[in-house]
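Labels A, B and C are assigned to the chains in the order they are written; within every chain, residues are numbered from 1.
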Amino acid sequence: MDEDVLAVKTRRDLYEFVRKNPGFHLREIARALELSITLADYHLRFLEKHDLLSASMDGEYKRYYPRSLPGDAEARPALTDAQKQVLGYLRQPVPLKILAHLMERESASHKEILGHVPVSPSTLSHHLKKMHAAGIVDRVEGSDRGYKVSDPKAVARLMTTYELATQDQVDTFIRVWGEFRL
Amino acid sequence: MVAVENVIVAAVMVLALTLTFIALLAWRRTQDVQVIFLSLAFAIFFVKALILTAALFTAGIALSTLIVVWGTFDLAILALFYGFTLRR
Amino acid sequence: MSVRLRSLLRRFRSWFFALTAASTLVLAPGAMAYEDADGDTIDDGIELATERNVAVATYPHVAPYGLTITSQSVGADVNDKFRVRYEAGEFEVEYLPDASSGRVETRYSLEIASVVEWVDNVVPNGQVDAGEIASVLTLGDSGFGGLRVNVTEYTSADGGNVDEFTIRSAGNRVTLTLVIAQRFLRVSETKVLTPMEAKLDIRVNHTLGSAGARVGLEFAIDIDTDDEMSFANESWDVKHDYSINESWINVTGGSTASPSTVFFAWSNDATVDGVSARTLVTRPQGTSGAYRMFAVYPASVSEPTSALHVASIGVVSEAFADLIRSVIPLGDPVLFVSSFVVVAATVGASMIIAKRRRRKD
C-alpha cells in the first residue's frame, strides 16, 4: 500500500482506538496498535492538530481523548454536499493518493506529487483540475508553486471517519482506462 | 459435433454485459461523463451479441449480411473507443 | 444477497429491464414457429428448400420394361443430380455432382439375382454359412427381363409429385415397387422418404421347398474398383432422424474431403405373415468390385411365404447439405444457455477471487 494511503489508514486506526479507549497514553496506544512510538506520536500529533483528538497531561503521561462534534455519540452526522463531494474523491484511489500526499505537507508541486502517485502527468493534471474546480485543493502561487488542501481539518475528519477507496474491480477499470488517452 | 458458435456468442454476451456494468459503475463513481463512451461501447458489444444470437436461432442469413452487421457494430465500438482517447 | 449487490441491482433496475426487453424482442423471431401443413413432421420450409426436380422416362414407349429417373437439386450454390436406372431386375444408381464442385461421379448396380432358401444346418449358428444356401430360383434377367414396368404418378398431401413403379417377376414371385418423390414424403410411421432416395419395396411370394428353411434374396452388387464400399448399422436416414432401424452399404468415391456417396439401405426388419421380425442380412462378400449379399427373411407359418422388405436406393447429396444449412439454424438453445451460465459463473468466480486477493494485499 502506498505510504501516504497507509498513513491515512494508520490514522484511522488510531482515531478509532482512542474513540473506543479514551484516556490511554502514547506508549499504551503504540503497543496496542503495534506501532513504533515515533510513528504513533507523529500521527497522534496530526490528529490533535486537526482537532480530532485532544490531549491532556496527567503527570508525566500525555493522555488522548476523542474530540466529538456536537450531538455525535456513536452516530455519524449527516454529510453536507461539500463533504459528500470530498468523500467522493476520497473514494477513488488516485484522488485519495493525491490528497493523502498533500495532507502530509503544506503544499506540493505537480512534479512532487507525480513522484508519489503512479499516473501520467496528464492524468494527474486532470484530477488536480477537477479537485481545484470543486474547491478541495487550492493553487499555491509564487516561488513554491503547487497545490495545497483547502480545508485540511475537514478532510482529516472525513479521512478518519469514513470508509475510503477499496480498490475494487471498478477502480482498476477506472485507473486503466484513465490512462487511455492521447 | 458441438455447434461452437453457440458457446462463443454466449460467452461474448456475458463478458459484454459485465463490462457494460463495470463501465457504468465507473461513470457513477467518477462522475466523468466521458466514461459513458466506454459504457456505450461495451453495450454495443452486447447488442452485437444479441443480433448474432438471433441469427443463430433463425436461418438463412447470408454471410455477406452478417459481415455488414458485424462490421458496422465494430466500427461504432472502435469509434467510441477512439473518441474516448480524444478527451481533455 | 449482499447489501452491495442488492443496491447495485436497485440502481440498475431500469437498465436491466431495458436490456431484457431488447433481448426478448430480438430473440423472439428465433423461436420461430415450426410449420408443417401436411403433417409429415418435416418443416415446410425445409421441404420447400430441398425439393428436387424429378424427370421420369420409361422405355420402350409401348409396354415399357425399363425406366430412368433423373433427380436434380434446385437452388443450392452448387446443384447436383442423381440417376436411377432399372432394367431386367437390375438397378443402377449414379451420383452426378456438378463439375465445379470438385466431386467425382460414383455409381453402383444392384441386381435382384435370385430367390433363395436358407437352412441353418451346416453350422447352426444363426449365420449364413457356406453350404447353407439352396439357390432356388435365378432372377435377374431371366426373372425380370422384358417384363412390364407399371407407372403411377400422383400428388402428395403437400403438393409434391410422386412417381411409383411396379415390376413383377415371372410367376409373380418377386414384386418390386419403386417410389420416388420430389419432396420429403412420409411413407410410414417410422420412415420419411427423402428427396435423395427412392424407396424399394421388395415383396417375395414363395412356397418353400426345404424343411425348416427361410426364404431370402440374393443381391449382386457391382461397383467401380476405384470406389470403396462399407457397411454400417445406421443408415444416413437413421443418422439424420428420417427413419429408424435401418442398415446400409454405401459406396464412396473421390477424396475424403469431397466424397461422393451412393447407397443401398434396408430395414433391419421384414414383415412376414403380417408380423415384423428381424431380417438376417449378410455382409457383402466379394472382390474387385463384384459383391454378393443375402437378405434372409423371418420364418413363416403360412404357405406360400409372403415377405415384405422395405429398402431404399439413393445418394448422399451435397446440394442437400448446402440447402439444409441455409434453412436450419445453428442455434442450440441448451448449449447456448449452458455456455452462458458457465461463462457467467467463471466471470463471477474471477471477481470473487480478485476481491479476496486484493483484501490480502
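We adopt the following convention: a residue touches a chain if its C-beta (ideal position, glycine included) is under 8 Å from a C-beta of that chain, and two chains touch if they have at least 3 such contacts.
Just so we're clear, the structure is a prediction, and the values are computed from it rather than from any experiment.
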item	value
Chain nearest the global centroid, as defined over all protein CA atoms shown	B
B-C against A-B, pair bridged by the larger set of C-beta contacts	B-C
Subunit A and subunit C: spacing of chain centres that average the CA atoms, whole Å	79
Subunit B and subunit C: spacing of chain centres that average the CA atoms, whole Å	43
Rounded Å distance between subunit A and subunit B, as computed from the means of their C-alpha atoms	40
For subunit B, residues that touch 2 or more chains besides their own	25
Residues of subunit A whose C-beta touches two or more other chains	169
Set of subunit C residues in contact with two or more other chains	none
Residues of subunit B defined as touching subunit A within the complex	22-23, 25-26, 29-31, 35, 38, 81, 84-88
Contact set on subunit A toward subunit B in their complex	88, 91-92, 126, 169-171, 173-174, 177, 180-182
Interfacial residue positions of subunit B with respect to subunit C in the complex	2-3, 5-7, 9-11, 13-15, 17-18, 21, 24-25, 28, 46-47, 50-51, 53-54, 56-60
Residues on subunit C engaged by subunit A in the complex (per definition of touch)	351, 354-355, 358, 361
Of subunit C, residues touching subunit B in the complex	8, 11-12, 15, 19, 22-23, 26-27, 29-32, 45, 326-333, 335-337, 339-340, 343-344, 347
